[in-house]
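Here the chain labels run A, B, C and D in written order, and each chain numbers its own residues starting at 1.
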Amino acid sequence: MAGRRIGRLKGTRMLAPALNADEIAKLLHEVFPQAFYDGCGLILESVEYARIRVRRRFHEDYLRPGGTISGPTMMELADFAMYVAVFSAVGAQPLAVTTNLSINFLRKPAQADLIADAKLMKVGKRLAVGEVTLYSDGSEEPVAHVTATYSIPGKAN
Amino acid sequence: MAGRRIGRLKGTRMLAPALNADEIAKLLHEVFPQAFYDGCGLILESVEYARIRVRRRFHEDYLRPGGTISGPTMMELADFAMYVAVFSAVGAQPLAVTTNLSINFLRKPAQADLIADAKLMKVGKRLAVGEVTLYSDGSEEPVAHVTATYSIPGKAN
Amino acid sequence: MAGRRIGRLKGTRMLAPALNADEIAKLLHEVFPQAFYDGCGLILESVEYARIRVRRRFHEDYLRPGGTISGPTMMELADFAMYVAVFSAVGAQPLAVTTNLSINFLRKPAQADLIADAKLMKVGKRLAVGEVTLYSDGSEEPVAHVTATYSIPGKAN
Amino acid sequence: MAGRRIGRLKGTRMLAPALNADEIAKLLHEVFPQAFYDGCGLILESVEYARIRVRRRFHEDYLRPGGTISGPTMMELADFAMYVAVFSAVGAQPLAVTTNLSINFLRKPAQADLIADAKLMKVGKRLAVGEVTLYSDGSEEPVAHVTATYSIPGKAN
């Protein structure tokens, strides 16, 4: 377990994130410049152990027929949020890959920033499983819900 | 049912597609210019009733750490292929939206074109359900498998 | 919306359940005696609007190789919990049917009662979407997580 | 790879099943008597390498409101079929466990036997991924479609 223990709460271990937001942003700039670059519109708003929040700035390129944000825009954001959540729990594992992702689209998103709230439900030796809830900025009702599994190659060696 | 019946095979109806490849390409240019434009790299290779094939030209922007094509590139292609498959079965329904999509990533894709083979398993009044198998061009082993459900608003009225 | 409004909290409507636990138990006895009968081991522990908790008493028939509770036992409980959650939100709709269910198995369950905590994320005119978290009694770490969609036929008429 | 190579077809290896139907039935009787016993109604109709077919005899206990076979009955059959398919590819691995299962219900099943046609899409060192199509006996249109992932503990050691 890469996280640093910082306390105890209700019988569970409170862990500090394995990497903080600045460390993760620096890592992403280095290893994934296609997705994470200055002006890409992705902002790491909050990084705790196994729980992170990412904002995706609105851009009209994301629109699809009906004036709503496209499904792939939401899937990409959720997948990215899971990737960051994995780093928050197990540290720098850029070769972690999604093995399964399932999304339910719940409501038509507004033409506004998207917020992704990702939480890992399991951090195993080889697999991490989590859920991501997506919101339109300023709304409390989710626009989509995702569950995903990441395979962590470094942990298996 | 928008498809035009053209014969019978093994007790099931053989239907012509509701829209052919040229008609679908024209529709996409009009209603979804963000995704489908000259040079976008998406090619409708085959359109039958409820069964279509799309090629996504390789571009190095799709790469992620490890030198493999990113998950969101594959999810976007699968979602697009389902959208086209819905048109092939029920005609021009640009406001059809994905309600659920589940993807399993099976193998590391090559740095090559991606082929999406989409097939609808159900064409209902309100929902269409299908599966999409993704291949690297020239390989017979799938790199990913998707199931997805589309909601068809025009059919519900 | 079948729920009865009982207050307001943080800008969202607080609704009473459309049916309470006793009303739902009575309904299930009538319409689904194969699943819900005296001694079946299913207990409706809590019913709020769109949020319910069900207990499944442990029985050694649920075990599979490895001494763990079988996957189908957990899938059946989650599907049942969603069914009850739909009743809590839209009332007596026994012909509501699952259209999609996706489960991630997270940890080996104990040889103990299973607790299902179900929450609807969307209650639409035709579809309800929710998530169910399963626990072994006495443990805080989930053994499985489910998302599911129900089609509500009565609501479409 | 436990399968025994028996030929080549279209550039892919043709493999004999690691265990045949009789060997799998014998194994199931020993390790999973709760699910597989004389009179249980499950019949292994066909076992090839990574591709199997199972029949579930109809029983009125499987009915749910609306006179249709319940979702959990179909999920249990699909999960069982995947378990057998894993044995057909990697041999006796009774501790293989489902990590993820996703089902789409497509049509109302008849009050008839259910047929499960399972095919593995990937047989990896640690994970097997497959799809299962369910039919009502005598019908060509599927009643449900499942994708599932099994974790193979013996293979990881």
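In this text, a contact is a pair of C-beta atoms (placed from the backbone, for glycine too) under 8 Å apart; a residue touches a chain by one contact, two chains touch by 3 or more.
The structure presented is a predicted model; accordingly, all values stated were derived computationally and were not measured.
Touching chain A and chain C at once are the following chains: B, D. A count of contacting C-beta pairs for B-C and for C-D identifies C-D as the more extensively joined pair.
Per-chain CA centroids place chain B at a distance of 34 Å from chain C.
For the pair chain C and chain D, the distance between C-alpha centroids works out to 26 Å.
Residue positions 99-100, 102, 104, 149 of chain B each touch two or more of the other chains.
Residues 10-12, 102, 104, 106-107, 121-122, 129, 131, 140, 142, 145, 147, 149 of chain A touch chain C in their complex. The part of chain D that touches chain C in the complex is made up of residues 31-32, 34-35, 61-66, 68, 70-72, 75-76, 79-80, 94-95, 97-105. Interface of chain A with chain D (complex): residues 99-100, 102, 126-127, 149, 156.
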